[in-house]
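Next, two complexes with chain A in common: one pairs it with chain B, the other with chain C.
Up next, the complex of A and B:
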């Protein structure tokens, strides 16, 4: 594989880093403070192992969206498992491996690639992931069926960590939904660094969903970069549910006047999971609005992290930015670390942020129990009601049904 | 039907109920009146099984020992508590809530779950009883409800769950005259020979609509006087000071 830009960087992080590679993040790096560094250090990144058998039940376990499906096994598109025949008019999917024929609509992504990597995993991703899969929507087209990119992680012994890459461009005044699912083949320890870059041209509308449900010893390091041009609209929903460590870091740059970014997410952890949300919205143009609304449910000794950035650059007057983070702790050992990161350098802006951390309301539990529910049932009803505020905002029935099953919800 | 004998309750070492004795026969409606802090709400919560109280004495419903039961078991045994402050549960719609509530007590009683069609009929009848709008079933439980809607919802739940004994905790508080009429007529409609009620209230005005068989005066966690409905009129005129209280100026103990 080749990289579009940049210098060769180490392909292994197992302690044999050649001089000049970026050091791995540590607890002292603010953005990585709560990550399980000991487990992360065991990841050895390398090219995807060859010839992986994917049992049919893996694909049966992901939401069946009925539209175009790109299956990536260890970061490489599997054309047999993918369903890319008879794509809707106006939609192009390049399955990567250099087959994009120099499509000019990918140029903005190349520009994004030219920026310095933000950390060692980002650097590794650029070195190892190649072009990845590209999803391109022509100007003025509205693609109704959701476009599903399923990332299957099947770690080998060494390397046990792989890189994936997704590029999405929506042309002017086009609209589409892209769903990225992260699931495991088997339960061997390992991880993936997946980088998604998204360019929304003027007046484009994208709904972008991320479903993370890796197995218990696996880790996802997802990084999502978005560039939004004038009046474009992003509706991003992340569901960070599985894995030893699930990290979803997004940076949304509002570069065009009047762009809107609406980000929300649910993280629901148990055992010793660490679920890390690192959204940042950068207001670079006037009159843009952004919303971050994340909810966490943490049981056992799991840890939830929310570090939400609102960055209002000089000249981004008339910015309207809101952020909220609400958490429910179900056990004494569970932990949540929440912090807003605000940097405001413009005038005439509205900016709100707030965070809550609470437990199940004993009066509400009692109320439900007097109506005949057991303590367990009552607790489940309240947790589901809390989580459903995010789930119910998902417009696609198949995704919502999958989430309801995954979260053990059984009601409308 | 209900036998309460020497019921005591304290919380964090503070005695709130001081030896309540009360006997409610089948089909009877008893009013429990008292000033703020007299233990009215604590009495209701202890009957329904709220955690956090140290409780001694005995409470038997149809001969079964309520104090040994979890709140949900008491519900299955036929006890219903109408809350003074009904809880808002955003994200849970009334349809699901009512159906789950009804089915959980049916299951506990060894009955089959209700079918969707039967349930809708039951729910619509209960909605009509308290004049609830048709969109009620789709709305979240009590979320964004007015004070009157919340209290009407309590009576609606009672109508769906068809309890043996309903304990209505200050169901009249915070209601305007129209809402009071709707709530009271709902309660009246649910009176019957097999259903008893304990109506807890500070004021007499609810009892103008629901005539109780017996009125009890609760002061400092004990019943100091019992009589017929004229006792309520006496209280309306003279306040609680005949019973050693400065008309509700006593220290508020229950905090509920």
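Up next, the complex of A and C:
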């Protein structure tokens, strides 16, 4: 796999992106208030570096889902590592690089691209990521095996940060599962900006999973944009686990009447990790339902950030929107910053949000210890029970098993 | 929402401003503009000591380097700070031996507001420090308070008579560089109230100050400082109404509370500045910095009913510095017409075993926009700290907005924070049920809205609770009959 290497585009020297000269976000930007800006400033974005050797154990370490697999190394599809032969009927995967042949089903994504970038990293992504990979499901088709997009990050010296792009369209009344996994090749410092746009036509159903498990010095800036048409259903689960900074920002636009969005996530941090969730659901049409349920477990001096928005636009009557964010602090140095936002411009709605922050319940710990557990064991049981509320909701055994191993929850 | 209700809501937008009158008074007004000379002029007019002038000048210098905050969810036409006059005082400052000597115009104005001073002195147990524009013209009940050792006077008098107390505490809770509007206030504040409750004293009466803006084009910059020494207790009432004007008037107040060990300060506000007309013309711009510092076992409680002002930018806060200190915030904010309110609180937990509770009720009607913005911060030292927050919003109509922006920052694992919020409308089913029980639609509406606010009204002192309910029903008059 080769990619033309151009002059690295650095954000370090002038603090501006090449496309729209947008300044890098700072602490003063609400959406970036708790991000590790000093580390982010060390990212120098540029085109993907030359060919990278991917050791076999890297691919062996991701969930083995048995379905179509797209492997993207530094944002570029590696066709040798991908498994795209004998795709199920009704599924099309364009591996990018201009090979989508002007597929008309990608037009809505082009429209999304026309909107102004939300921040400098978004702008960088648009100028550097190219077409990326496109996953298209024909109307009325149900694709059973999960479609796996594995993002492998192997930063170079300069640039040390790359951009990736995923486009997903589900045709009318179709159904599919897409799993995006972010893992590292090696442990060099660096980062990736990955933008995923999702279009769900009327009555389509998508299960979208994000598994983030980068190595300790790497950063993921993921941005997921979803457009939902009438009665479409999104079930999104994110597991924000690895990296120095893991940021998963989703914007779900409910543009069609009766659409449903169900978002949940788990972030589990240790060391000095900063794990940042930024989901926003925008109700633009009447009769839509949304749910956000995020849970965080923060150990050592890690920081968990939740900034979730429910945005109800004029005319979105009959909206039912719920949001919750619960956090467990396991260490004296850990920190949680949570901001559950509501912005309501319609009446005849019901919106609720709740947030909690606390530590393990001492009476529950005591109870378990009277049953013969050590303090450590008892703590683990309670933490696992807390996290499992999100893990257990994953319908795919291979993903759930992978999560249990990663979280040290192996059940006997 | 039914068509019937919509008509009622239109009625709401048309409801007049009950207190829309203005009193002719001769005023001594400085020319518009703000420079170092303006600050010096104010200090000279007030015969202030040098240390206070220096303090003002430092604030002015800081203000010049600051930008107007733009993070609030407020759509404000730009304010020309050089077009505002920063000094106005009644020219006839009466030498008061008795209340009879108060300017009849002023007396008349207070009568219209329902605060007959002469009757209050005799009949009620409330001391009133009446402020017309910027200078305090009359203060009552001083003797009773003096017996208890409580100092309650205008800020100017306090600077003159108790300079050490003022100097020690002024700016100790809200420093001059705190924010743009606090810096502006610190530079040009005209007058305000000062209250000092000595050790172990329970203030024998509820202290009350009625503010009133009376001069067109004159920004009003009050400064309130309340110091409660160890083991003391004070309840302070602040209420505002203002005459109808077409031009926006800027109001940037600062309130500082110091509650020392085991002291308790209860600060209640009913705010009913002129909100502007149906098209949003006129109306007060209200930028307020209110903050209290609670030392060991102290308690600071903010209760506010905000129904007025075109723009409200206000976040009464408590710094829970001492162990086991308590902070409370109870708020009802109503935005109708084209009013915009961005209000909430900050609870900063520093000491261990500190607790705070926040109950916020936002009501949006007409084209009003109502935002709750709050911060709950648990620092590493806040062992076993607790916070409970509940913020509910009620939407009456389809052209208004309700927004909730809470920030929760927790750095201590033993701290517990709970936040709950809901946004809803008055349901057809609720109205239907009430009507089935024999209530008219408007009575049902009034009952539901009052019930929605009950938790907050319960926290208000008696007199204020009555006034608050009256204000709310006046504001909702068009919509509930």
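Here is the rule we use: the second predicted complex is superposed on the first by the 391 of 412 C-alpha atoms of A that agree within 3 Å, B and C clash if a C-alpha of one lies under 4 Å from a C-alpha of the other, contacts with A are read in each partner's own complex, and residues count from 1 in each chain.
In this text, a residue touches a chain if its C-beta (ideal position, glycine included) is under 8 Å from a C-beta of that chain, and two chains touch if they have at least 3 such contacts.
None of these values were measured; they are calculated from a predicted model.
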Exercise. A:359 contacts which: chain B (first), chain C (second), both, neither?
Worked result: second
Problem set entry | Partner chain in contact with A:26 - chain B first, chain C second, else both or neither | neither
Exercise. Of the partners chain B and chain C, which touch A:79 in the superposed model: first, second, both, neither?
Worked result: neither
For this session: Considering only touches as defined above, state whether A:110 meets chain B (first), chain C (second), both or neither.
Result: neither
For this session: Once the structures are superposed on A, label A:142 by its partner contacts, choosing first (chain B), second (chain C), both or neither.
Result: neither
Problem set entry | chain B versus chain C as contact partner of A:339, first or second or both or neither | second
Problem set entry | Broader residue contact with chain A after superposition on the shared chain, chain B or chain C | C
Exercise. In the superposed view, which residues of chain A touch chain B and also chain C?
Worked result: none
Exercise. Which residues of chain B touch chain A in their complex?
Worked result: 45, 48-51, 70-72, 74-76, 79-81, 83, 86-87, 89-93, 95-97, 100-105, 108, 140, 157, 161
Seminar exercise, completed: chain B partner, complex, touching residues on chain A are 361-364, 366-375, 377, 381-382, 384-386, 388-389, 392, 411-412
Exercise. Touching chain A in the complex: which residues of chain C?
Worked result: 1, 71, 378, 380, 393, 395-425
Exercise. Touching chain C in the complex: which residues of chain A?
Worked result: 30, 314, 317, 327, 329-359
